[in-house]
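Each of the two complexes below includes subunit A, the first together with subunit B, the second together with subunit C.
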Partner chain A sequence: MARVELKNVRKVYPGNVEAVKNANLNIHDKEFIVLVGPSGCGKSTTLRMIAGLEEISDGEIYIGDTLVNDVPPKNRDIAMVFQNYALYPHMTVYKNMAFGLMLRKYPKAEIEQRVHEAAQILGIEHLLDRKPKALSGGERQRVAVGRAIVRQPKVFLFDEPLSNLDAKLRVQMRAEISKLHTRLQSTMIYVTHDQVEAMTMGDRIVVMLDGVIQQIAPPLELYHHPVNKFVAGFIGSPPMNFLEGDLVAENGALRFHDKSHTLHIDVHESQFAALKHYAGEKIILGVRPEHFLENHSQQAAPGRSMTANVEVVEPMGHEVYLYLDVGGQSITARIPVGETEPAVNKPHVLDIDTQGIHFFDIQTEAAIT
Partner chain B sequence: MTGDRQRRVRDLALMLCIGSFGVLTLVPFAFTLNNSFRANYELDHAFFGFPENLTGLARAAVAAISGSDAVFSVETDTGELVEATGWDAAGRYWHAATKGYRVSWGSLRPYMINTFIVCGATTLGVVTLGSISAYILSRYRFFGSRLVFYFIIGTMMFPAALTLVPSFVVVRNLGLLNTYWAMVLPYIAGGQVFATFVFKGFFDGLPEELFESARIDGAGHFRIYLDIVLPLSKPVLSVVAIMNILGTWNNFLWPFIVNTDGRYHVIASGLYVLATTTFAQNYSSLFAAYMTASIPLLVLFTYATRPFVRGVTSGAFKA
Partner chain C sequence: MWFRVLIALGGLAALAALHRTLIQGLDRLLAALDALFDALRGKRWRDAPLALFLLSPAVAILGLFGMAPLFYAVYLSLFNSRRPDRPFIGLANYSRALTQPDFWKSLLVTVYYVVGTIPVTMMLSFLVATLLYRIARGRGFFRTVYFLPYITAVVAAATVWAALLHPQDGPVNALLVWLGFQPKSWLLESRGALWVFSGGWIPADIGPSLALFCIMLFEIWHSSGFMIVIFLAGLTVIPRDLEEAARIDGAGWFQATRAVTLPILSPTIFFLLVVSTIKAFQAFNSFYAMTGNGRGPQNTTQNLTVYIYANFYEFGRIGYGCAVATLLAIGIVVMTAVQWRLAGRRVHYE
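== the complex of A and B ==
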């Protein structure tokens, strides 16, 4: 097993398109790290550079203590699971899994043992004689993972491996890959655009945008302490609500007024120190849908509640998603099923957990902490 | 109802039209097959007519089945008439009907062997070199690779007749006249263009991840070509092979001019030689020779049609 380190790595495509800009990343031994971000953010390119499938334009990549910039993929001791599985269609499952070992001239008995062990772990022993076209999507996915396992590589690379599966199977395979990591105790680098996968699987998450690493942190730290508006909006579902407005000092306290002056929120004491320099300036407020609280009395309390017009009500079973209009700005709230019954096109009062709210600089969009 | 009737009339008209084309296509074949069973004296009297030996065979078979002891006079290979009854007569009629085949086979056999050798070597060469060239043009990114490809494709624009004399001069100067190489090497060179074009199109369509996966598994270019690309290219391999065999089998002019002493004639040029010399007056054997010459291609098409069609349409539909 091994650590992976990226030092000032850049990838520039012809036409001067910079896909990855100065990436620095230190992945620990046995760590499960997830690269997440929207399409075109450079996450797959980063993974492919680690795999050796893309040349790097600048910087250094280490696997273990070895600089692998010029090492071909086959000598990097990595295994990769592709989005579309990339199984060899003309080979049986057994041969698909054994192919890498056969090329490395492993003894036949060892190949057989490793393939059967991996097949047992993944529950695909009964599929070994089949060809990929005779397998379901989930089974193909397992074979692709099995092909990586048999190699016992230093590092596993996953490039959006669950994207082609249906929602139910995706949840199941997500848990299985996590279990596999616990069992194999190996370094795994996982690329996804799905923040739920990132949050549930990763020891740490790397959030990327436009080729730049925005933040590297454990899932809950990302959730509670996003470094900027993008990370705050990307992590969490439904996403964080953002409202532009003014921060005003009033009677020794700080209060946020949204630009339509229909929402007024008192800043929690714990954020005074960071925000006092922004008094009198425009600022962005960020509130996660779950930080809206039910107001049983439906009586608005100045500074810690809001009245909004209900546009859509989505009952989810144990909770309700409310799509609201606050002074022309749309926001989403997520409240437990309770005593109040929000009605469409009617005003509804919600409290706000002021300790959970975030503020962002309107120019840099950096979190103000 | 009116709509149904209109559709039926339209279908009938379409079927008649297609059927007519089918008949027109089959007429020369049927004519040749029919005449190959006729004796020369029959052909001298009338060019059209049913083979007398086959009608005799039918009559003798009916007599044998019905237990009749009718006597039939059948001509032997030497031209004598012998009398026979029942199945013996039927057998003799068959023997007489197929005389042309037996006579022609002796002359045709060396040409057939030459054709198999030339076709085999050419197809192997074209498929091997064409697929390797296409793999390189498809997978390697080198300076001018696209230009090289366009140059290769561009050579398809030259009519074969244009290169006939220069090619002959080259082959003669290399001292290859009257050898298999005089046919095999130019055929491989010529066949490669089409093969490279078809193979490259197919290889370009293979998913990039397959190659990447193989690279990570530890395969180099040669292994990828041999273990991944070739097995996946079976349909297109069969297309190239069949097209090549067809072209080589039917090529008349080139083998005719590079075999000045006639030792290495192939089917097409050999048939011409037979038609103008040995069988110039022996139409029965000539027609039989034509039929024999077409049997290998018929067999090839019977067994290779399915992969051929699959190969031609591969890539047209998402798998």
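== the complex of A and C ==
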């Protein structure tokens, strides 16, 4: 097992396209780390550089204590699961899994034992004689994972392994990979564009945008303390609501007015110190959908309520998503199922949990804390 | 004046009526045809005339230019064409061919040619294609350069090669002499290429003659472009992550090629093998253009096709020539069937 370290790693493609900019990342031994971000953010490139499939333009990559910059993939002691499974179509499942061991000249008995062990873990023993084309998407993905397991590598790399599966299977495989990590206790680096996968699987999450690492943190820290507007908006579903407005000092208190001056929010005392420098300036307010609370009396309380026009009501079973318009800005709220459902095209009063709101600098978009 | 206007209007009305009638007529005709086709389609056995009608152009072309000459050749092979009364002699032409040393010698030349060109061309083309596949810039340019020989007329290119290899005036010999080697007789040399290149160590009558060797080199040069293009097309459809998975699994270039690329390319390889074997068995143009008569020095480049040609046009043995041609066709069919049985089983279709 091993730690993985990236020091000032850069990847520049021909045409001076900088895919990864100065990445620094320290992945601990046995850690499950998730690289997440939108398409083209550099997460897959980072993973491929760790695998050795992409040369790095600058910087250093360590696996264990070895500098692997010039080590070919086969000598890095890693295994990778690809998005399109990358199973050898002409080989049986058994041979697909055994191929890496055969190339490394393992004794036949050991190959057989390892393949059967891995097949048993993944529940694919009955498929060993089949060829990939006779398997379903989920089964193929298991074989691809099996091929990685049998090698017992120092580090597992997953490149969006679940994106070709249907939603139900994805949830199932997500849990299985997490279980596998607990069982194998090895270092795993997992790339996804799906923030739900990131939140549910990772010990820590690395959020990337435009080749830059935005934040590295455990899931809940990322959720509660995003460092900037991008991370705040990317993590969480439905995403955080952002409202632009002015921060004003009134009678010794700080108050946020939205652009249309229909919304007035009192700043919670805990955020005072950081925010007072912004008094009189434009600022971005961030509220997660669940930080809107149902106001049962439908009487607006000054400084912590808002009245908005209901545009769409989406009952989800245990809760309701409300899509509302407040002064021309669209927001989403997530409230528990009440006795009566809010009416569409009618004003609705919601309270705001002022302890849960975030503020961002309008220029840098960095969180103000 | 009014009278003329009336006539003009009447004429217009008549034209409109005629037009309408024509349109309606055409409509009815099409409806009738539709009904006819529907009726034909209604019962399966009634499909036959329509099917035959639709197939007739292809059947006519294939029958007239493919099947008829073939059967006619088989028919001719049963007669003695040298005698004015052309008597029926049964399979005598066949038994004669099988006992003629010239026939067997031509077959040997054909086998040398097939065995000497196809594996080399395929391996070389595969190698060039994999190299071309790896370069991102200039791939199209090099592909065109390699493909150029294939689109050049065989006779023209072969004549140029013959001039290059001319024993007295050819630049190849001039280069050899300049480098300090002995000039060679190339296309005029009947002794074995192995004898020539081993400095006399291997007996002169073993293997193809140097003249045949030159034709084989020409063929490799000429047809590798085609194979490179086909291999490149085959390589581009192999997903890149398969190669990457193999690299991570621990395969070097050679192992990845042997265990992953080649099996996936097997349908392409099999196609090229079958097509080029058939083509090599029938090779004629390059033999004829490079040696002047196809037979070469002491008949050492006389393959079966040249042998058939000589019997037809030089000796007027039409029946005998047809018998050899039939034997060649049977040979090709058997060869292809064997390839299908042996290699076809190892072909992996996705």
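Operating definition for what follows: the second predicted complex is superposed on the first by the 367 of 369 C-alpha atoms of A that agree within 3 Å, B and C clash if a C-alpha of one lies under 4 Å from a C-alpha of the other, contacts with A are read in each partner's own complex, and residues count from 1 in each chain.
Quick note on the criterion: a contact is a pair of C-beta atoms (placed from the backbone, for glycine too) under 8 Å apart; a residue touches a chain by one contact, two chains touch by 3 or more.
Keep in mind that what you see is a predicted model, and the values were worked out from it rather than measured.
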Simultaneous placement of subunit C and subunit B on subunit A, clash or fit: clash
Which of subunit B and subunit C A:His318 touches, first, second, both or neither: neither
Subunit B versus subunit C as contact partner of A:Lys346, first or second or both or neither: neither
Partner chain(s) touched by A:Lys168 [first = subunit B, second = subunit C, both, neither]: neither
Footprint overlap on subunit A, where subunit B in one structure and subunit C in the other make contact: 51-53, 72-74, 78-80, 82-84, 86, 88-90, 99-100, 103-104, 147, 151
Residue numbers on subunit A that touch subunit B, as the complex places them: 51-53, 72-74, 78-80, 82-84, 86, 88-90, 99-100, 103-104, 147, 151
Parts of subunit C lying in touch with subunit A, wherever the complex brings them together: 239, 241-242, 244-252, 255, 259-260, 263-264, 266, 348, 350
Subunit A partner contacts - residues on subunit B that touch it in the complex: 207, 209-210, 212-220, 223, 227-228, 231-232
Of all residues in subunit A, those that touch subunit C in their complex: 51-53, 72-74, 78-80, 82-84, 86-90, 99-100, 103-104, 133, 147, 151
